[in-house]
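Take a look at the structure below.
We just call them A, B, C and D in the order they show up, numbering each chain from 1.
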Amino acid sequence: MIPRYSRPDMVAIWSPETKFRIWYEIEAHACDAMADLGVIPKENAEAVWKANDVTFDIDRIDEIERETKHDVIAFLTHLAEHVGSEEARFVHQGMTSSDVLDTCFNVQLTRAADILIEDLQGLLAALKRRAYEHKDTIRIGRSHGIHAEPTTMGLTFARFYAEMDRNLSRMRDARAEIATGAISGAVGTFANIDPAVEEHVCEKLGLVPEPISTQVIPRDRHAAFFATLGVIASSIENVAVEIRHMQRTEVLEAAEFFSMGQKGSSAMPHKKNPVLTENLTGLARLVRMAVVPAMENVALWHERDISHSSVERNIGPDATITLDFALSRLTQVIDKLLVYPDNMLENMNKFPGLVMSQRVLLALTQAGVNREDAYRLVQRNALKVWDTRSDFREELLADEEVRAALSEEEINEKFDLGYHTKHVDTIFARVFAED
Amino acid sequence: MIPRYSRPDMVAIWSPETKFRIWYEIEAHACDAMADLGVIPKENAEAVWKANDVTFDIDRIDEIERETKHDVIAFLTHLAEHVGSEEARFVHQGMTSSDVLDTCFNVQLTRAADILIEDLQGLLAALKRRAYEHKDTIRIGRSHGIHAEPTTMGLTFARFYAEMDRNLSRMRDARAEIATGAISGAVGTFANIDPAVEEHVCEKLGLVPEPISTQVIPRDRHAAFFATLGVIASSIENVAVEIRHMQRTEVLEAAEFFSMGQKGSSAMPHKKNPVLTENLTGLARLVRMAVVPAMENVALWHERDISHSSVERNIGPDATITLDFALSRLTQVIDKLLVYPDNMLENMNKFPGLVMSQRVLLALTQAGVNREDAYRLVQRNALKVWDTRSDFREELLADEEVRAALSEEEINEKFDLGYHTKHVDTIFARVFAED
Amino acid sequence: MIPRYSRPDMVAIWSPETKFRIWYEIEAHACDAMADLGVIPKENAEAVWKANDVTFDIDRIDEIERETKHDVIAFLTHLAEHVGSEEARFVHQGMTSSDVLDTCFNVQLTRAADILIEDLQGLLAALKRRAYEHKDTIRIGRSHGIHAEPTTMGLTFARFYAEMDRNLSRMRDARAEIATGAISGAVGTFANIDPAVEEHVCEKLGLVPEPISTQVIPRDRHAAFFATLGVIASSIENVAVEIRHMQRTEVLEAAEFFSMGQKGSSAMPHKKNPVLTENLTGLARLVRMAVVPAMENVALWHERDISHSSVERNIGPDATITLDFALSRLTQVIDKLLVYPDNMLENMNKFPGLVMSQRVLLALTQAGVNREDAYRLVQRNALKVWDTRSDFREELLADEEVRAALSEEEINEKFDLGYHTKHVDTIFARVFAED
Amino acid sequence: MIPRYSRPDMVAIWSPETKFRIWYEIEAHACDAMADLGVIPKENAEAVWKANDVTFDIDRIDEIERETKHDVIAFLTHLAEHVGSEEARFVHQGMTSSDVLDTCFNVQLTRAADILIEDLQGLLAALKRRAYEHKDTIRIGRSHGIHAEPTTMGLTFARFYAEMDRNLSRMRDARAEIATGAISGAVGTFANIDPAVEEHVCEKLGLVPEPISTQVIPRDRHAAFFATLGVIASSIENVAVEIRHMQRTEVLEAAEFFSMGQKGSSAMPHKKNPVLTENLTGLARLVRMAVVPAMENVALWHERDISHSSVERNIGPDATITLDFALSRLTQVIDKLLVYPDNMLENMNKFPGLVMSQRVLLALTQAGVNREDAYRLVQRNALKVWDTRSDFREELLADEEVRAALSEEEINEKFDLGYHTKHVDTIFARVFAED
């Protein structure tokens, strides 16, 4: 976790304080359930809640762990210091450390998912607003980085909206995948603990009981979760790359907001660099790098080995914190993005009229010219424009072979921009249908 | 694609013949829709169907492509050779190559998903059958590769069932994600083609229209699809690693079926090697390697660049063919797996009774011994068994400090295997609930 | 392996014919060495060479393999059909299949490395030629996609040269890493075969004996090899992305060669798309995806398991064939790249003179203006140019505060392009020093 | 970076204190060189060294950065607070931020490499010691997890030694790759700074001048560096997996040292879990995950974009800190590894004598039995041993068909363990040759 790429709410989920609090709740709820079953005395279960307002002393827990080399035992020892060792003696009975660790980890991932879902909703709101704002802002569409046909800036925002909306749906699925808990004992047989304990703890923590666990919750769930983060990160990169392209000096159709105090470069004061979206491109790589180790974690040996643990200690916080930050940063970038419609038109007209060549080709075909000839006619005039930046419409009007097929009016009509935007409303209706 | 790791049905999806057939259907259905709209003459649309029974000549298409360096134009030129160049002149009108290529790719991925869904269903059936067969077959559960507590072989099969059942659900989601088509023209604005054409073509091909496309269908869909394949592959590795462990000489609790003609090794005729599951471990890596490039494909430049294409030409067939083969191979392995219950018992008793130490620890605690003392008592006797392979139960019976807390009967009761299997039915009910 | 992205020489290395030929040579040379040691009769060793001119019948070998389910036994059986089963009975004596398979694989990788080394040399020659050709072709340097200071096109080629030269060096190291062989028997102890056999076979095949093998050659060597291919692929992407940027409509400083028969797009005949470098971007991803599985292959179980094998059957051919093709394609792109110096100047002057702001800033500082003031002065005039595309030099000349620090001559001097190119020869001398 | 998986020396390299100290040295040495060239006054260069004993105030620098949003400017501003703003006004003259940042990063990576080289040397010493200690400790070699032929524990250590020795060599190469610096100005042309400054700074910092830089040092160097870390990590996993296998209950040929205070599990006190090597398996995944993003960082736009920066802020510290910790932990594991030779013999004899089947097969062939018959004879007796755990030697002695080919003495001789260890000294001589 890099402090500069993190936000406090997500960081808090991964703090030792939060972790121990969740451990505490798991143990305390488990005691309640065991007491209800008559397995342990009611008063011992109640005693555990005496620590409900305690802020656990992390240094003390660490100290005990250095001796016992076991984190859960260290915590339980410390808990007994608050509850009383006699009262606490049924705590964790019949449970295994992983019951606590895995259920806690899934609580944390579920909470992280909640934040990421909110982030995506915020981003969607920004994209939608900008999409409608620029629904009719004409801009050249590009394939291969080369001018193709006109589109609108609103459609660009709208497609990012649709992509992020899919990501929202994926994130919700990923949350559902990971919101399970397991209190099933040493190898998952419930030999030493009743399944009712698991049900109670899960209900209290907003989880679903894992249908079958071993010592651990199966890691295919986590692999699917981190894979989803990787897909979302890739979409962030997609938007970021678009903006970086738009901001480059020769294009300059948009620019990240540039605050007055900010210096673009120590040496070149005029430079307005798309540093936020470049940063997002890198952050996307960071989130994505969690995917493969999460998948490598699936094949644990028998009922569990602990190879997954160090991986998750890292990617759990890092991938969620980085993605939260990235989504938030992207939302700000979208929100404040400077859009330059005039430059969009100027760019589109770099080779005047040439972007209409597809329409002219089609018109020639429809006028009865065969495909090969039509292609040749269009290419002939297009290459002139390419070389001399003359006006394509005028070249066509002056080409006798073209004129034999198309009238002046017919040619002029092909250069109407409205032709390209006539279905924008249809597409918007599709994209924003449910809102 | 490696021939030895492929099956014909999945391979067929990726043949040139299938591809051109799908292209043909896209173009023909598009003509129908355009004719319905009155954009092209009915007779031209009908003429295209003259080629409905044609098997396209792939060598001829390749020959044309070598000249035009454009695959879709090559196909259209060849199609015109069948339909007649005059009749064919409205084919592909207003469309862009990607309309054909991307819609086709998604048809192929959707069909591949159908096979993978069937594969998973077959695997689930095998796992379920073996789970019930060995529901009560006692086996030691292991954490860290070390004996922990008893479980049953049926639970092992059941957890793989539950994991693969989640994969089935993920695969269905992935199929739904990818079953979209786009016929939206050069930059996705429908400038030259009516959205109704897209709707008609998609309906005919079993797809949903992509709400907003550019020149291409957005690649976050494909990233999510291949990520799902990667998760499934990781689950395959999980099962494979379990079987490899079970077959190793010292464990020998299960073995892959060994056909009589097969030679295990050129040098050591007695060796029965788990080569199928080792192979599956490698195949899992192959499928998984498609995930990152699929994610790198998301950030295309502007309305599209073609960097994704070469990646997909590879991972499209390779990842689906390999996964299909792997699922099928795993199903056979599970189906025919030799299970050795006697060896399971022998292994469990390597250190007689030691695996019951957790129960004894618990019993001591419940009998009023404090946690630290109970731990010490259990550890003291356990280490004797560890060193001398004496019987843990007998050591406990002979330990006066233990006997002060627990009677002979109480100690003996702790070594009842039924204690560990009492919730197996509960777990089976959870796992196989919906069947 | 995708046929369209492959070249025959590299493909040939991975053909069954080549593989069986190498197997044959390994076995025949091993027999020679065993005969020299007196372990087997001379005449039996000599008899094996009777098959020296034989082209092995791959269908027949496949047929036998289907029965024996073991590829090396199938080959040996077929070899005996040529040599005579009596004469052939000492072939492979004391060896294990992996002795043949692993040594063969390393021969193939070594030969692949030789081709890749040649490819890199060809690419370096092209880059060097273009570097000198455009040593003084002025072009704006860009950071963050934003104009920074002038550089030359020759320096761009030169830095790609330096990068590819490092790759050549890495490739040579990788070749040395992988050029080992092992004929050490079942678990690498030489129990059944003398180390002298390994030495002889390796010498004949141009390999170094593996100092210590188990049943297999250790896979860290292969991991390092494929990691090197991944680095080279990433450099290819680096060059490809540069060219894609240069070719985009708004920049147009360079373009891939466009053959006359080629149609850029089915719909927009004027489009000249950088499809080769986009393709190279995708191919880079394909090569790179071999890196992680090659690393996952390192941790084989004990003296070997066969999980690596399916991975290598894929990435062995695929990564080397794709990289060979990519290097060759890139060499052609560089060789024929259309460079547009006029457009470079036009782009540089989009905001006239603004790229000299760093020099002016420095001059002001040197003239005694403090850093903050100098920054402010430069920024003030720069923003005017940014907004109105006026001439930066003229703005400065008209700014009294600037003129208080710098004379007209001093200001004019700051716009001399020679200032930026004065060390180009120094850099060229560094880069091309050894040639 | 996870505190529990880190060691202070490596952590210190990545502290803000170290970073700012290196920045300071770069700036101060650069001033010296500029003064020598007469570009700036000597006294200003000397003045910078006034801050030589200053510990920079990181909070203050952060405070300035929050305002300027530029880290290097923040540092320079703070430096001026120590040196005096008048005296400091030539600091950084003609340089660009990346000159400082990239050179610093490479200094840090070089120092990290130095620690990793030491780590590897420590690991090699431990492996060598254990190799000689167990040179003749007989142990069964296993392929596919199945008993193959005898080997020795010393050979196991020796092969890990050889692998780590290759890693040492790779690490030295990686260090040489990364030990470059660049002080080449805004786009690498040295327009504003003399190449002599770069030479001086690099010499003082133990670096080689980068032959050609743009604004940044080319990232193929870093890709190669992190790829090397990934290979080393994979080798760590290789050793770790071996030990995990050896420690599993059924094998128990070795075990991680178990300190007395340590509790293996909260529930099963007798369990001695290989948690260190399981942890190392996970740490290997963490290091390896840096490889792909480092490769994705290579293709920066034009003379640089800043997408690499966030990636490197993470993987720079994380991958080196984790690898340092892992190497150190592995060294301790090897150093203290408990080896159980008796268990090794017991395991080898699980199926008495069966592991000698390869020798018997060979003997039969050499005695004139054809391959197919010999195979059948060995297989027949081997399968008996497999089923009943009878003694293979005795079965052979009782098999008339075998006895027709081999005498009692000849059969007995095949069960001599010395046969398998006769080349151990040869292999040791190869592996430890240079020491």
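The rule is short, and it goes like this: contacts are C-beta pairs under 8 Å (C-beta built on N, C-alpha and C of every residue); 3 or more make two chains touch, one makes a residue touch a chain.
All values derive from a computational prediction rather than experimental measurement.
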Minus chain B, work out the clusters of chains still connected through touching contacts. one piece
I want to compare two interfaces, C-D and B-D. Which one has more contacting C-beta pairs? C-D
Using mean C-alpha positions as chain centres, tell me how far chain B is from chain D in Å, no decimals. 33
Euclidean distance of C-alpha centroids - chain C vs chain D, Å: 24
Touching at least two other chains at once: which residues of chain B meet that condition? 142-145, 148-149, 186, 192, 244-245, 263, 265, 267-268, 273, 275, 278, 281, 288, 292, 296, 301, 305-306, 358
Where on chain C does chain D make contact in their complex? 85, 89-90, 93-94, 141-145, 148-151, 155, 158-159, 162-163, 166-167, 170, 173, 177, 185-192, 195, 209, 211-215, 218-221, 223-224, 227-228, 230-231, 233-235, 237-238, 240-242, 245, 281, 284, 288, 291-292, 295-296, 298-306, 358-359, 362, 365, 370-371, 419-424, 426-427, 430-431, 433
Which residues of chain A touch chain D in their complex? 2, 4-5, 67-70, 72-73, 76, 92, 95-97, 185-186, 192, 244, 259, 261-263, 265-268, 273, 275, 278-279, 281-283, 285-286, 288-290, 292-293, 296-297, 301, 305-311, 313-314, 318
Interfacial residue positions of chain B with respect to chain D in the complex: 140, 142-149, 244-245, 247-251, 263, 265, 267-275, 278, 292, 296, 347, 350-351, 354, 357-358, 361, 375, 378-379, 382-383, 385-386
